[in-house]
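Below is one structure, written out as C-alpha cells, with a few remarks after it.
Residue numbering begins at 1 within each chain, and the chains themselves are lettered A, B, C and D in the order written.
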Amino acid sequence: MIKVAICGASGYTGAELLRILHLHPEVEITAVTSEKSIGQKVSDVFPHLSNFNDLKYEPLNKLSLLPKADLFFMALPHAASQEAVSFFYNHGKKVIDLSADYRLSNPITYEQWYKTPHRYLEILKNAVYGLPEIYREKIKKANLIANPGCYPTSVIIAVYPAIKEGLIEPDTIIIDSKSGTTGAGRKSTLDFSYCEVNEGFKAYGIGIHRHTPEIEQELSLIAKKDLTVNFTPHLLPIDRGILSTIYTKLTKKVDTADIIEVYREKFLREPFVRVLEEGFFPNTKNVRGSNFCHIGLKVVKRTNSLIIVSAIDNLVKGASGQAIQNMNIMMGFEETTSLKSLAIFP
Amino acid sequence: MIKVAICGASGYTGAELLRILHLHPEVEITAVTSEKSIGQKVSDVFPHLSNFNDLKYEPLNKLSLLPKADLFFMALPHAASQEAVSFFYNHGKKVIDLSADYRLSNPITYEQWYKTPHRYLEILKNAVYGLPEIYREKIKKANLIANPGCYPTSVIIAVYPAIKEGLIEPDTIIIDSKSGTTGAGRKSTLDFSYCEVNEGFKAYGIGIHRHTPEIEQELSLIAKKDLTVNFTPHLLPIDRGILSTIYTKLTKKVDTADIIEVYREKFLREPFVRVLEEGFFPNTKNVRGSNFCHIGLKVVKRTNSLIIVSAIDNLVKGASGQAIQNMNIMMGFEETTSLKSLAIFP
Amino acid sequence: MIKVAICGASGYTGAELLRILHLHPEVEITAVTSEKSIGQKVSDVFPHLSNFNDLKYEPLNKLSLLPKADLFFMALPHAASQEAVSFFYNHGKKVIDLSADYRLSNPITYEQWYKTPHRYLEILKNAVYGLPEIYREKIKKANLIANPGCYPTSVIIAVYPAIKEGLIEPDTIIIDSKSGTTGAGRKSTLDFSYCEVNEGFKAYGIGIHRHTPEIEQELSLIAKKDLTVNFTPHLLPIDRGILSTIYTKLTKKVDTADIIEVYREKFLREPFVRVLEEGFFPNTKNVRGSNFCHIGLKVVKRTNSLIIVSAIDNLVKGASGQAIQNMNIMMGFEETTSLKSLAIFP
Amino acid sequence: MIKVAICGASGYTGAELLRILHLHPEVEITAVTSEKSIGQKVSDVFPHLSNFNDLKYEPLNKLSLLPKADLFFMALPHAASQEAVSFFYNHGKKVIDLSADYRLSNPITYEQWYKTPHRYLEILKNAVYGLPEIYREKIKKANLIANPGCYPTSVIIAVYPAIKEGLIEPDTIIIDSKSGTTGAGRKSTLDFSYCEVNEGFKAYGIGIHRHTPEIEQELSLIAKKDLTVNFTPHLLPIDRGILSTIYTKLTKKVDTADIIEVYREKFLREPFVRVLEEGFFPNTKNVRGSNFCHIGLKVVKRTNSLIIVSAIDNLVKGASGQAIQNMNIMMGFEETTSLKSLAIFP
C-alpha cells in the first residue's frame, strides 16, 4: 500500500484519478487539494464519487501535505505546477505531473509557447516524458514523470511505428485532431456552456495550440531530426474522446496490410494499444472511459499517402489513466492494475 | 413600418427576436441594448445574425432610447424590468415585456415568489397577459403585454379546453415539464457548462419554481376558482424545446376521441396550435425553431385520467415568437407575419 | 470459479454483462449466443470488448449449451425467453432471466399485457423477483431469478420505504419516467435512428407500457392491497439513464428531513442505494455506468405531496448490473464483486 | 407562380425542399413522390411540416407526373436518378437533380466511382454543375442542374479564390471534413442508430468516398490542370452541418490579412458567403438551418501553410437550399427568395 495525494482534485482529471484509483488495491488516497472547494467533501463536489464521503478538500499547503503521501499527482494548471512539483520532488517524493510544465525538455521552447520562463532547469532535466509505449524503461527508474498531453498521446503513439520504421516522410505530417469538451477542463465560461457547444463543431487554436511543440519534440526524437507539423485541434460536442486523423507521405509503395503488420509487431506486448484490422477504423465511443488507444491504418495509393486514425479517451489514456499507468510502472505494480475496465459502450 | 427597440438583446431571447424580426416586412429595428456588449456589432456577438453587421449594442439609456422606437421589447432579467417598462409605458410607447414582472396580477404573490416588491401597481393593472389563444381581444387594445413564461405557455394552452369544458377536476393537476437548456439563458455558470449538462438529466426547483404561481393564476381564472398545482421542471440535454406531461382526473367517462374533438373545436382558428390525431404525441423536435404548439391527448381508463402532452420551442412560442405574435396583434398586422417558418427537422 | 453462458449476447444488455463480468474473479464466460452474429468474434461485433477476441457467438442450441455452464444469463426478447429458461431450469441450472417472462406472478396479467400465454406455470411459481433491496433472502436460495425491468427498478426502490412506512397513500401514485435510448435495445429502426432521436424529446406508450403491471404488482405487495398507477415513459436523447419523478400524496404532515431519515434508515446497509441530502436531487449522469441508485426527496407542503426522484443506469442497475448482483447473492460471492466501479462522469 | 414537383420527397432533403419552398411566393408544390409512403399525407410522415396536410405522396409515375409541374426537383438515390431525369428533361421540363448522377462530366470517372455506367451521355453534356458562386451565368440558361454534393460545396467554395489567384499549390491539398448525421439520409440501419452515433466520432470511407472525384473535377477546372486530393469524411454526432478543414501549401509569403482581402473581394457580391475576420473561425452551429457558407482563414508561417475552414448546413447550402437558389437563378426570381432565414442558434 502506498499513500497518494492529488493536488488539484476538483477538476475533471482530478476526479478521474479518484474514480480509477478507487479500485486500486495498492493505493490509499490520503489527501486531495482544491483552493475553491476547501472543506467540502469529495462526494458533495462530485456526486458520482459517492464512496469518497470521508475525504475533504484541503488547500495546497505543501508543508502539511509533505508527510501525508509517498507519491503526488499534480493536476494543477500549467505554470502553477512548476514550483509545487519542484518542492515535492526535492523532498524525495515521487511526482507525476499532469500539467505541461515538465514536458518540453527545451526551456526556451517552453517559454515561447507558455509565455512564462521555466525556473527549475535542474529538475526539468530529470523529468521523464511518461509515454510507456516509448519510455517504459526510463519510467521505471524515474522520480518525476511529465505526463503527456492528451492530443500528443493520441498522435505520438499513432505515428511512432511509421516514423521509426522509415515508412513515411517525417516532415510532411498533417494532424487534424478532434477532442471532446472535457479537454477544456471544468470551466464556467460562455464558450464552453452547453448551448454554445451542443450541436456545433469548430476548429480552434489553429497554428498556435500549445501541444504543437510537444508533438514536434517527440516526433523529432523518433525521426532523429528536427521537424515541424501542422496541428489543428477541433471541439467535438461530446464529453470524452480524441480522434486524430493524421496525413503522411509514404516513402515507398506498400499496402495497408504491410503497415498493419509493422504496427502489430511494434505494439505486440502493449496492454493498451489495439491496431485494428484492415477496413476497420477507430471510434472514440469504443474507448470511452478506458485506457485503450485504438489505431486504424489506410494506404491511399492515388496520393501515395498513409492515413492514420487514432482514438483515446482524453481523460483516461490522455491524462489520468496514463498517469496511473505511469505510477504502476514506477512503483513496480502490475502495469494494468485498476486500468482493466473496458470502455462504456454505448 | 414601425420602429422597434430591443432592450437586453445579447441573450438568447434577444437574439431570437432579431432572427425572427429580420424577416418582418413592417418592422425596422432601430436600437438594441446590452450593458456587457456596448459598442459591439450584433454580428460579432452572434455570428449567425450576420446580416445585422451595422447594428451596435448601446447601453440602456432610457432617455436616448425613447425617441428611437414606437415599440419596445424588454428582454431584461426579472425585477430589472419593472422600472424600464414603466418608463416607456408612461411615455406612451407600446411595450412587450418578456420578463415575469408584469405577469402576476397580485403583487403580493409577485413579492412572495420573486422576493422583491412590485413598485408600479397602477401599470400592473393595465398589463395584459399575452397568451393570444385566450386573450386575443384584450391584446388588440393593450399597450403593455406581459409575455407569458415558457413553461406556463406550454401548460396553459394544453389544459385550457379541458378545464373550460369541465372535462377534468381542475384541482388535481400534476405537471411534469422538461425544458431544453436555452431556458436557463445565456449563462457562464458551471451548472450549465457543456460537460455538466450533456448526457445527463435532472429535476430542479421542485416545489419552488417561479412559474408555479403564473400557472396557478391562469388555471384559476379558467376554472373560476382558486387552485394549486404540482409543477416540476427538468433540464433536458437539448438546446430548445419544452415538453409538458400533464396528469389530470376526468370528471366523467369519455374516450380519447371525444377529448380530441373538444380540443380541435376550441383551437379551430388558432394558427399556431395543432391538436394531434389519436395515438400521436408531440416531440419537441417537431416544433423546434417554430411558433407552433403541438398537443397530444390520451384517456387512461384504468385510472380515469386524462394525460395531456404539449410541446413548444421555449425560445419561440415560449418567448420571442409569442412576443412577435403579440406585436402583430397589437399593431393590426397579420398575426402570422414573420412567424410562418416551419420547424427545423431534423 | 463458475462457468457462465449468456444467451442473447449481441444486444446492449448482453454486451454490458460481458463488460462487467470481464472484471469478475469468480466467473469464466464459456459461451455467448446470438442468431444474427453466429461465428463472429465478440470483439468484432463490439470493438469496445476488445479483450474478448477469442470468444465467438454460437446459435442458441440448448443441448450443446447445457454442459458448458453452471449459470445462464438469458438476455432474449420477451416471450422467446419462456421456453429456453424452462429448459435450463429443468436441467438443474441456475438461471437469471433478463426478459419480462417470469416477472409477473399472475399468468393472466402476463397474457393481458404481453399478448401471449405463459406456458410454464410451475416454473413461474418458483421464480424470484430479483430486487435485492426487497428480496435478498429469497434470492440467496433461488434457482431462477426474474431480473426486474429497468423502469420498475427505478420506481420500486424509490417508493418502497414511503409505502412500507405508511407515509403516502399508495393508490394515488403518478410516475413520470424518462429513459435513455439504450432502453429500446440495439435496434435498426427509423424511430431510433440518430437524427430522429437527437435534440428531441417525447412521451411514448402512454397508459399502455408493459412495465405498468410489474410496478403495480410490486407496489401492491408492499402496500398489501391492490393498487393502480399512472406510468408514463419518455425517450431521452442520451445513451444511458432513467430518471423517475414520482408524485405521491402524504398521509400526514411531515418535513423533507423526516422522510430522508426514514429512507436512510431503510437503506442503511444497501451497497448500491444512496439517499441524497435535503436540497440535492439525482442526475442520471452521476450514476452512468455504475450499479448505483440515487434518490432525492422533497415534501411540497402547498399540495401535501411527497415528490420522489430516482436515477439509475438502465443498463446496469436496471439490467445487467442487477443481474450480476443477483448472481453474486445466489452464488454466495461478495455482493459487490465486479460492481464497485463508480460512475463515468462526465 | 410556377408548378413544382419533388421526386423522392420522404427523405431529409425532400422534406427540406418542402420546408423552404413553403415560404416561396412564386412556387406551388403540385406533387411529391415516395414509393414507401404512397398515399400518406406529408404532415403524417413529417409532423413538422404540419401545413402540408393536403399533400399526399404518390408513386413516381413519370407519365402522370409530367403535366403536373414545370420544374422537377429530383431527390432520388444515385443511379436511380439517371433515367427519371432524362425523361423530364427530354420532355422539356426544367430539372434540378440532387443526386450525383449528372455531376461528373466524365462518364468513365462516374462508372469508376459509382459502379454503374452512365446511359445518357447527350444529356450529361448539357448538365450544368449548380454552384452559383462559380457557374451563375451558365445556371441562368440551364435546363438541367446537377446540384453539387454537400462535401464538395463546402470544399470548392472554400478553396476557389486561393487556387484561382494562384495563392496555393493546387496539388497538395488535404481535406479533412466532418459532417452531421443527416448527411447519411433518412436511414434505419444499425450504424446510424442513435446509440451507435451519439457521443462518438469516427472517420469513414477513407480514400474511397465518392465525393472525391467531384472535388477533383472542380478544383482541376479552377487550377486548369489535373490534380488529386486527399479527402477524409468523418461522422459528427450532430444533426446538421459540415465543417471542412483544408490544408494547403502557399506559393509565396503572405499574411492572413492578405488572403482575407482576396477572399472578400472575390465573394463581395455573393449573398450567401461570409468571409470571417482574422482570428474568427466558422462553427457549424452558426449556419444551421440557413443557406450560408462561412469561411475562416489562417496562414501558418512555421509551415508555410494556408489553412482554410468552411462551414455549411449540409441539408441547406449543401443540398436543398442550394437547389432552390439554383431554381431562383434559372427562373429569373430574386436569387435569395425564401432563403433569407438566418441560422437557428442555439
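One rule holds for everything that comes next: a contact is a pair of C-beta atoms (placed from the backbone, for glycine too) under 8 Å apart; a residue touches a chain by one contact, two chains touch by 3 or more.
Since the structure is predicted, the reported quantities are computational estimates derived from the model, not experimental observations.
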{"item": "Of all other chains, the one whose Cα centre sits farthest from chain B", "value": "A"}
{"item": "Selected pair, greater C-beta contact count between A-C and C-D", "value": "A-C"}
{"item": "Distance from chain D to chain A - Cα centre to Cα centre, in angstrom", "value": "39"}
{"item": "Rounded Å distance between chain C and chain D, as computed from the means of their C-alpha atoms", "value": "46"}
{"item": "Whole-Å gap between the CA centroids of chain A and chain C", "value": "36"}
{"item": "In chain B, residues with contacts to at least two other chains", "value": "12, 182, 195-196, 198-199, 237-240, 283, 285-286, 288, 346"}
{"item": "Category of the chain touch graph - line, ring, star, complete, other", "value": "complete"}
{"item": "In the complex with chain D, residue positions of chain C that touch it", "value": "12, 181-182, 186-190, 192-199, 237-239"}
{"item": "Residues on chain C engaged by chain B in the complex (per definition of touch)", "value": "174, 176, 178, 195-196, 198-204, 206-207, 228-230, 232, 234, 236-241, 243, 245, 247, 281-286, 288, 296, 298-300, 302-303, 305, 307, 309, 311, 346"}
{"item": "Interfacial residue positions of chain B with respect to chain D in the complex", "value": "12, 15, 19, 22-23, 46-51, 182, 199, 239-240, 274, 276, 280, 283, 285-290, 292, 294, 340-346"}
